[in-house]
Structures are given as C-alpha cells and as structure tokens.
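Quick one: this structure, given as structure tokens, is what I'll be asking you about.
Note that the chains take the letters A, B, C, D and E in the order they are written out, and that residue 1 is the start of every chain.
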C-alpha cells in the first residue's frame, strides 16, 4: 500500500496553470526522490493523488473529505492563503472530532503569516518562508540601494497581499525611515483586466521602486503594463517567475525584476539538484522547477516517516517534523521551527536576466539569477502561535 | 395554379388534416368554409410550409410539399395569417416594406406602397407610427397589404374581414375582387358567409379535417343538408 | 337619473401629436347594455384602454360607480368590479384552459395574495371554473394548454376569463370576432345571460350582435361620439348611416 | 426589451405542466424513506459530504426555480440571497451566547430570514419589470454584493470569508453535530421540509398567479392582481428558501466566502436548475443531484470534467429542452397507456450501444489529452480500470473501434426506436 | 494635469476595445434576442487563432484570417446549435451559450494548455508613439483606436443602409410570418451571428497582445460587455459606443486616482467618526475608488435600469 499525498489545488479555471505546474513538481519529486530510491520504510512508495479544488474553499473541503475517506493522511496545498486558511481550520476540526483518521497539512506555498501565528495548529506545517520573512530579506536588499527614495506597494486584495503590504511598510520604516512610501494599495485578485491605470499612477507618483506580492496572471499583467507604460525602476516581487510569467516579461524586464525565493537554481545548489532538474526537464520540456520547496516537502516527509517508523500515525510523523533539520539539495539547511511549524531556511534575492542562466524558465532563455542570500532568514522572528499538541 | 392532393398535417400527435384535396385555378377566388377549428387555417399553413404537410401540394405543376416557407413564398405564394402577426417595433411603412421580396423594388410588381395607402386611408394616416399600436381593424388591413406588396400570384387570405367595420368589409370585398381582376388566384378563408358567397367562384366546405363539399356558391345554397351539417347555419 | 355605473367627462387622449380621443362625455347607467360602434381606428379600443387604465388620459375624468379612477392601476380598477376583454386575444397561453379561468376567479373569491390556502382544496374554485368552462363550451378542452386552442376557441376563453370574476361592469372588445355564425349566436346568448342585472359595455362590428344585445348604442367616429341612443334611433340616424353603417346594414339583414 | 428574457412559457422547455402535480403524499414518503436509508448504502464520510452538498443544492435550485420556472424571472445574481443568509448564520454561530441558546437545526431559519430581508430590499425595485430589465438588475446587484464581500470585511470577512464552529450550539437531544452523519440528517430534514413548503407554495393563490404573471403580466393585472406584487412575493419567498440553503451551507462547511456570492455561483444554479428542467417541480432536484455528482465525483476521475459538463449542458438544451425531468416525463403517457414494455427492447438496442460508443469517444478524448499533455516518458494511463500505454497504436484502435461500432449500431437501430416510441405512444395497440 | 490627458487616452483605448466586443454582442443580442454568453469566448478564440497564425504568417495575416475563422465558427455554431435551440426560447439559448463558453474554454486548454501564450505586439508597432510626463503611449494603442473607429463606421453603414436589421427584428416576434413573406430568416440569423462573432474575434486579435492570451481571458471580461450594451440601450450602436467610452473612462479614472470614501463624505460635511476601527461602517469609510472601480459600471447599470429601463439610447419602453 502506497503512502498517498493528496494534492488539493486548482487544476481547472483561471489559476489552473500554477496548480498544474505544482502538481508536476510534486509527482516528479515523489518519483525522483523517494520511489526511485527504493521508497520509505523498506519499500513503500509515495503516490500523489490530485484533487481539483478550482481554487474554491468549499470544493477544497469536499475534496479534503474525499481524500480522508480514501485513507489519505497527508494533504498538500499551497495556492492561495484563502484556501489554506479554510483547510487548516477544517483539518483542525476534523482531527479533533475524528481522532481515528487524523491528517497532516503540508503547506508548500500559502504564506499568509497568520497560518503560523494566530491560526497555527499542530497539524499544519509550512515549507515556504512566510510573507514577513520574505519581506525582511527583500527589504534588506532594498535598503542597501542608496538611490532609493520613493517606494510604491501594490498587491492583491486578500490576506496574503495585505500581509505583504504590512510587512513592507514596517520593514521599510525601521530599515530606511528616509524612504517615502508614495503608494500602498490593493487591487482585486484575479479580476483586473488591464493594469495600465495602476501603472500610470505609479509612474505619476515618481516611485523609484515597486514592491508587489502578485502572482499568476496578476503578476504578468502588472509587470508588462509597468514596463510598457514607461516605468524604468526595479520591481521587487515574490512570484515573478515561471508559469509563463518569465516568457511574457522577457527582454523588457531584464535586470528590472527582483525576486525573493528559497533554493538556488542559478547557480544551481548542488550536482544532485542539477541532475534532478535535468531529469525534470527531460520529463516536462515545457515545465519549470519554480517551486523547489516542493522537493523539500517530499524529502522532509520521507525523512519524518522513516524516523517515526510509520506513515499511519500522523502524530508521530508530525513530532518528527517538528524541529527537523534537513539538508536541501537546493543548497543550505532547513529547520522546521517547532513553536509554529514554520520552516526556516536561506532566502535568496535573484534577478530576472538571461546572463549566466543555466536553467531558464518557460524556455525563454531568461531565468532568475541569485544575487544575494540571507542565511537562515528570520530564525528568531517572534510568533504568536500557541501550539496545542495532542 | 395550386393542386392539393390528400394532404395530412399534425400538431404533435393530433391528426388535424386528414387528407385534404382541393385546387385553385388561375384567376379564381375559392372560398374555404367550415366551422371553427376544423383546420382551415392549418390547411393554409400546410400549403405555406409553416406546418409540415404530408401528401402532395403542387404549385404550377411543381411539387412544393416539404420546401421551406421562404422558398414557397418566393415562388409566388402569399399568405395572410388570421392572427395578424404585426411586427412590433416597426412602423406601418416598415411593415409594408418587409412584404417586398428580397431584391424586389417597391412598385415593380402589381402593387405599390402608394396604392396601399390610397386604398386604405387609415394606413396612410398611421404610416409612421409603430404598427403594434394600430387598431385591430388597421392591423387587419396592414397584414393583407403587407402580403400583397410581395406581388404573389396566388394568395391565401385567412379571415380578412374579421374585426372590420361594415364599411370596411365592403372595402375588403372590393379589394378581393380587384385582386382577382389583376390575375391573382385567391384561397379565401372566411367566416362571413355572405361575402364568401358573393365573391367566390367556387367554395369548399371542410369538416373533420377533410373537404366535405365542393361546388359553386349557387350549388351550396341549394344544399341545405351540407349547410346544416357542416356550417350550422 | 340613477347614479351611473360609468361616467366619462371630457375624456381626451393624444399620442404625440395625434389626438385620438377628442373629448368624450358619456354616462352608462347601471344594468345597461351599451354598445359602442364606429369605423376602424375611431378610438373604441383606446376608449376601453382609457377606462381600464391601460392608458393615462390626456384630459378628463372617468368615474366608476361615482368614484374617480384617476391614478389607479388596472388591478385596482378590476377590484372595484370592472372586468374587460381584449380585442387581440390576451390569455395565459402556457397554462391549461382550466387554470386560465381559475386564475380569473382568485381575486374575486377573496384569495388575494394568500400563501396559506391551497387552490386545489377549494371546491368553490374548481366548480366555479368548471361552470364557466361549461358555459363557453370548453369543458372538453379543460386540460389543454390554452395556446393550442383554435382561434375561435381562444376568443371564447377570452370571454370566459372576463366574465369569470363576476364583475358588475363588464367590457367586451369585439367578443365575437372570428366566430362562425352559430357560435356568434351562442356567445350572444351567453353574454345576454351572464350580464343579467349587470352593466355591459361592448365594442362590436357585427351589427346582428349589437342590435341583438344593446339597450343603448353610441357611435364613435374619429374620437368623438356622434350619436347615442336606443338602437332604433341610432339605426335611423342619417349621420350614422353615412359615417358607419352604410350599405352594410342592408346586406347583413 | 422588457419581455425578452422571461422564460417563454409557450416554448416546450418552459412549460409548467398544468395538472401534472397531484397532491399525493406518496412521493414525499418515498423520498423521506430514501433519505433516511441513504447513509446505510453510502456509508463513507465523503459520500455524506457529497449528499449534504446535493441536498443544499436541491433547496437552492428549487428556490431558484420559484423565480425562473414558476415566475419567469431570470436572475443572474441569486447566489447572494443564499450567501447572505449563510453569512448571517456564520455570524450567529460566532455569537457564542446567542448561538448556545438554541439548537443547531433552528439555525437555517435565520438564514432564511436574512435572505428574505435582502430579497425584500432588492425586490422593492427590481420586480417592477420582468425580462431583461429584471435579469440585468439582478446581475448588477449580484456583482455589487459579491464585490462588497471583499470590501465590507466586517461582515463578509474579505477573501478568506468567515468561519465558525457549529458544535457550539445548544445540544439537540444531546447531539452536538460532531459527525457528518448528524449533519446529514439535519440537512435531510430541511430538504424535505423546504421542498414540501415550496411545493405547497406553488399550489397557493400567489403561486398560481406567479405562473399567470409569467405568461401574461398584463392580463393578470386585469384580473385584480398587481404583476409587480406577485413578482415581489415570489422573489421574497425565493430569497427565503435560498437563505435556508445558505444556512445549511454554513452548518455543513462552517465557512462562507466570496465564492458563495459571486456570479459564477449564480450562474451554476441557473445551469443546475435548467439541466433538471424548469417546467417541473422536481426538475431542479434532478438537476442538483446530477450536477453535484458531475462536479465532485467526475472531477475526481478526470481533469476534463468541465469539458464533459459543458457537453452535457449543450446536449441537454439541444436535445431535451425540457431538461432531464422533461425527458422522464415524456415517458408518462407511455406508462399510462401500459406500453412501457414495448420500449424496453428498442431502448436496450439503441441506448446501450450509444452509451458504449460515447464512452469510446470519451476514451479517445482522454487519450488525446494524455498524449498531448502528459509529461514525457509518462506514457502509461489508466482508463476504465485498465492501464495501457497511450503511445502505442492498439488502445487507439480499440477505442476508435468501440466508438465507431457503438455509434453505428445505435444509429442503425435509432429508426426502430423511433417507431417503437410512436407506437408506444398510440393508444390501443398494446397486444 | 498630464495624468488626466494620459488617462483620457487610456480610457479611450479601454472603451473602444469594449466597444468592439459590445458591437458584435449588441448585433446579436438586440437582433436575435440571444444573450450570447459565449461572446467573450469567441474573443478568446480570436486571440488564440491570431497567435497561432502569427507564428507562421505574422501578425497581419492573423488580423486578417483569425476573425474570418472565428466568424465561420460562429456561423457554424448558429447553424448546428443555436438554430435548433432557438425554437425553445431565449433561456435555453442562453444556457446553450453558457455551455458553449465552458466548452470553448476547455477546448482552448486542451489545445494550447493552461499557460499564457507569448502573443506579442508586432515589431512594427512595438514602439512608444509619444510620452506625456514619463508615461509612454505605445503605438499599438493608437492602432487599436483606428481599428475600432473603422469598425464602428462599417457597422453603422450596414445597419442603416440595409434591410437586414428590420428583417431580423420582425423575425424575432414572428419568424414564420417573415419567412412566409419570402425572407430566408435562417440564413440571415446565421450571417448576423457570424458577423457578430467575427467582430469579437477582431477584438481578440487586437487585445490579445495587450491584455494577455490565456484561458481565463474570456472569463475575466465576463459580464461587463452585457453591462455595456444594456447601459447603451439594446440595439443602439451609438449607445454601445457611448456606454463603452463611458465605462472606459469611469474605470480608468477611478483606478488612477485614490479617492477615498472618507474624503468624499468629509467633503459633503459628514465627519469621520471617532475611533473608526471600531465603527461598524468602518469598511465603507475606508473604501477607495480603485477598489470599487470595477463595480462602478454595475452600479451605473442598476441606476439606469431603475430610472430608464430602456438604457441611454434605447428606443422604446413603456
């Protein structure tokens, strides 16, 4: 019997592209890192079971229930903190009400800080740096730019976008109180047809830099329109890579887009990682590894299951994950902080360029080149999490 | 001109026409009589192709059963429906204009818009108002004129005098004669016996979805039994 | 003169520049059967529409049982006991013939907008509707959708709906148009019967019906009433002869 | 333009059959027993969740059909009434004192009241007209309220929505509704109650007049009824039942989000209702069941579920304009004539090959999809419990053959079916 | 001040793009009564086809050929789908187009996948036409303006100089009668639907490079095109134009200026309540114009429908 991981993310609808790309990375990582290495617990393989939640909280809850019924004990999800908030709460309730069929929530991308603060629970593990950690690292780079005078913050109107904006404001005010925030606004997620008016406003405000957490179509739209409208400063982003975004921005954004992420792609973190990436490319010529943390999820889960000696007792597995230290093939050490189940790792700031790129995105020749690294970012950052353990 | 042989027609499962046979000759006015609901209107619709006919309908020797309504119309058959079907949103003039066949110019045929206005002074007065607000009688006139605009060689007119004032009824009778005078054949469905008997060359009486009597008005006058049984007069 | 059932004073109606009703004064007494005749386009239906608030008058007043109808909606007027039929058939085509009539009974039987009564449970409704259907000879067609009736049957249903509510002022716009002679006779009798003791206002081009039914006749020509009176008087009036009846009268009788 | 978008009752798709609904208790008792027995057949929690979802959709779709089928009003924003009802219930759940003072099964009533309240406000101006004007106002108001959900965070909770915990209600005979099965029976109780009430509503004077106003608002006015008020009452009642559905949603999922309000949800309920058939009271029930199955069960099987759903809708409107209910009801005369037996064999001979052929086509579609989009080296695919290599010829030949043969047999036998159908519909020749 | 000028141009571009879509829709909706929910899907097809053609034959051939293909597809949809459904009434038609929209989106994903296509502005037009205070106006936008105006003039000619409009309007109420007068109604319906969808195709070809060519592009446009033609008044080409521009400008300006509700309320003399964060209306006080920019057209539509149900330029209504 395989160890099944339910992948609950959008596979249809407007956000399908991000979800599908994530699924491919999960499937590949499970095969490459576990199954082809002989499995865990002496031969048990990982199996990724895909569930399409159409990015709807309601659908996610139905799929969660279905997954649990199929005997699945591990739930992976990442697209949209909105869904993650619904899932973590549902899982908490489910585990309380049904001690016999408890599940773990492996959050690989939903980075709303609340998930590891006020809304934290024992079942939720986040394998991505949260919005605060990322912003901390990003603003370190920005603060170093002497010429920076005016910053414009723009983001999607939901928990994640709000978290990014709040973090940007607080970080900038402590690190560079001389920098003026000339704009701070949210736009509806996934609904803006044309970003031109926003770009005009940004240009008119005289901003030297733009900060945005936008992802998916919202990132492409904003990026393209800013550049087309004549903005020529840097854009500091969270998710401006892969899933067609790199190709769409292309030459025009060269050296202008800066991106905060974990894991080293260019230059690659290790030969092991290079081999993995090449194998992935061979399998998905049109795909990218733009969420290398997915490999960390698989690797750490495998390690935890081995450690617990069982995959069925999720409490035991969770106990293993808590405080786990893990060497990532993408470079650096990972540490799952036990207080809040937030992973701590090196954060990289990279630039969108076509120089020195070994692994490009979207076959466009462009990719993200690491420019600076913050080691074990926010290791000691505070958390309001009051973890209740079973 | 038109030759209908053993025509059947259905609405869903109900068998309305059960073998109608009739013909209209060149330049003839033929009246189709019968009680309410025997299927006179359905006969017209079936000839026109609005209701699917089974059997044979020949127009000038060509089989037209099964053709599309607009093809039949373009062959020279006109139909004035009983429930008027005025096009709302269009003016009287535009309604008349739509009577013209594709590509046909006003005045090119036997009739012109001006003649219509001359004939029915009511329409002239209301030429440019939205036709759906016309009075009942005016709508009746308009429907007839609209069909004539297309210059048909054979027209089927379903109850043209319904809702018309006595004076207008006379007027319509004259128009019908005028139509015949211009060499157009007419199949007239009419409730007012007096008129039908007056202007028709021949009459058919329908009952139970079939033709039950055929003859001249004079012959019908003599057949008390037919009138009793099928016309209830 | 007893209080009139319906009283029109200085009624006018224009559509844009066209003045269709040009000042009508008319009073129709209780239990009177009053026919309005006139050439096509004279404004008869418009007059009906003014009375029943389908149109707003440009000027003048309409009084029903002495009460001014200004500003009232059609449904309010109906509730005051006035019911009308339409020249161009106006029924509920998708509902069964029976339901058409039953709907016409609902308000008059006091059901209003209630949602605590079930219509099927009321014998009075069912029997009432069936009685009407019987009168208009449509009992056999009871369960057919009204839209599939033949033209004349729909006309009959139109009358059935109008008389169903038992209004005391009934207005019929060309009730017999499109009917054969025998049906016309039948409907004439029916109208005679159901309007017993009620006020009837009727537009009709069939002179047989008009003279058979009416106590009073008004002749409307170009928006004005040129004559009102007893049938005999109107028939003899040369003005009427010229404007409307013409030779037709002779042909008819 | 006002009369363009009412359901046109003279068209077969919309005809609400007069007299086709008799006041017998039988169907209700059967339904209730079925509801009680279901969990014994489908025991898993996910089945319960799906069934809960179904019953909620059933109530919502029936409420929607009070407008569309019975009242001829096409709404593009009906989700907001369910949604607002649900949000209100969510807030009540979070008011611990109030919530602890009554048992959970009562909660949907509050949802209904809030849905109704909103419907009264909106209905005050939107029911003046039917047709396009009504439809477009409903669209505008729907968009407006959906947009408010991210703006008025205090009530709608922004993009994340509002969540709560149903177990804090006063225990209901000791039950705290911890398990899905408890919620299932609560929902089942409500679905029967709400459906019965809505059914009865359609038999009341206002319910009947709603039909009349749909057919011919003007004539209804001349019968003493104000078309506007009749529409208003239907609208408000529909809002009430939609709110009940929203309340049940709140209980079942314990979360409400923008998604409960947006136009996509409003569109879905329109599709669901139509799929089932607007002309029959029970139409929306079938629609809700079928659609929920497609959406949750089929989407587990294939990524292309939306493609099949779209095909289902298109095929339904093209070939069965009366919806699935219309399709069923077509057979009533056959049964009445006692000729149903005559149909079994022709059906078997035509529909079975047709179904197999369609499955063959689906297989081809799936294989094409797999061939195009599966990652390189990932040639294996599993379809109908068989695993094979999509890059070899054999499976294509098999699927193609199945599709071709199935459909040609069906085509060949179709005339026989038609004949049998006609004869089964003709009285008297049952030998 | 300069920003105003820039916004006027941007709004014009947005509005005219909307117009290209609503022109086709108003043609179909007002003439055939079909609330074509798949209209935006044809727009999407236009963009995808143009992208595919532009790879092989360049942008200009795409501009020429893609709308024709879309139009032919549209005509096919009318011929083999809608025509059948038409007899059942308007709501089934609407459901049909709903289903169609779903199918087209799935089909597009089936063929082209889920990612955004690299469909870009052609090189000849890929330059900055001029700049206003640091804001560049791309030449492509100027090109869009010209195309839309050309379409407007062409349509106006067809509608006012031919009988097609009249025939279709008549056929809406009594198709049988119109046919009995000798008009080939089915052919005309098919033609109108084809032309309407082809127009949507043109809009797609032109908007694709600017707004992105991805499977959700139809959904994003959603119902705004309906709002446009309803505000303008059904059947009025002028109305569609005016409403499109109005919406283009309103949304552009609302997004470009951060006007807060509190400013507005303060300006009309309502003071901001103390401790706003506690206030139950706090969300209303903090609303800003970009937040509500996209729902302004809906608000406008509801208001117009309440007070003038026929729309701005609509001809008739009781």
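Here is the rule we use: a contact is a pair of C-beta atoms (placed from the backbone, for glycine too) under 8 Å apart; a residue touches a chain by one contact, two chains touch by 3 or more.
Note that the coordinates shown come from a computational prediction; the quantities given were computed from them, not determined experimentally.
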Touching subunit C and also subunit D, the following chains: none
Most remote chain, CA-based centroid, reference being subunit C: A
Rounded Å distance between subunit B and subunit C, as computed from the means of their C-alpha atoms: 29
Mean-CA-position distance for subunit E and subunit C (Å): 49
Averaged-CA centre spacing for the pair subunit B and subunit A, given as whole angstrom: 76
Where subunit A and subunit D are represented by their mean Cα positions, the distance between them in whole Å: 37
For subunit A, residues that touch 2 or more chains besides their own: 12, 157, 188
Touching pairs - complete list by chain label: A-D, A-E, B-C, B-E, C-D, D-E
Subunit A partner contacts - residues on subunit E that touch it in the complex: 2-3, 6-7, 10, 14, 109, 113-118, 128, 131, 133-136, 138, 210-212, 214-216, 219-221, 251-253, 255-258, 288, 290-291, 293-294
Residue ranges of subunit D touching subunit E (in the complex, touch as defined): 1-2, 4-5, 7-8, 11-14, 68, 74, 76, 125, 129, 132-133, 135-137, 139-141, 143-144, 147, 151-154, 263, 267, 270-271, 274, 278, 304, 306-307, 309-314, 317-318, 321, 368-369, 372-373
Subunit C-facing residues of subunit B, complex: 11, 35-37, 41, 82-84, 122, 125-126, 129, 133-141, 159, 162-170, 191, 193-194, 231-233
Complex interface listing, subunit D residues touching subunit A: 44-47, 49-50, 53, 147, 150, 158-161, 163, 165, 167, 178-180, 249, 253-255, 257, 259-260, 296, 299-300, 303, 305-306, 375-378
Complex contacts: residues of subunit A adjacent to subunit E: 12-14, 16-17, 20, 157, 183, 185-188, 190-194, 196-198, 200-201, 203-204, 217, 220-221, 224, 228-230, 243-245, 247-248, 250, 286, 362, 364
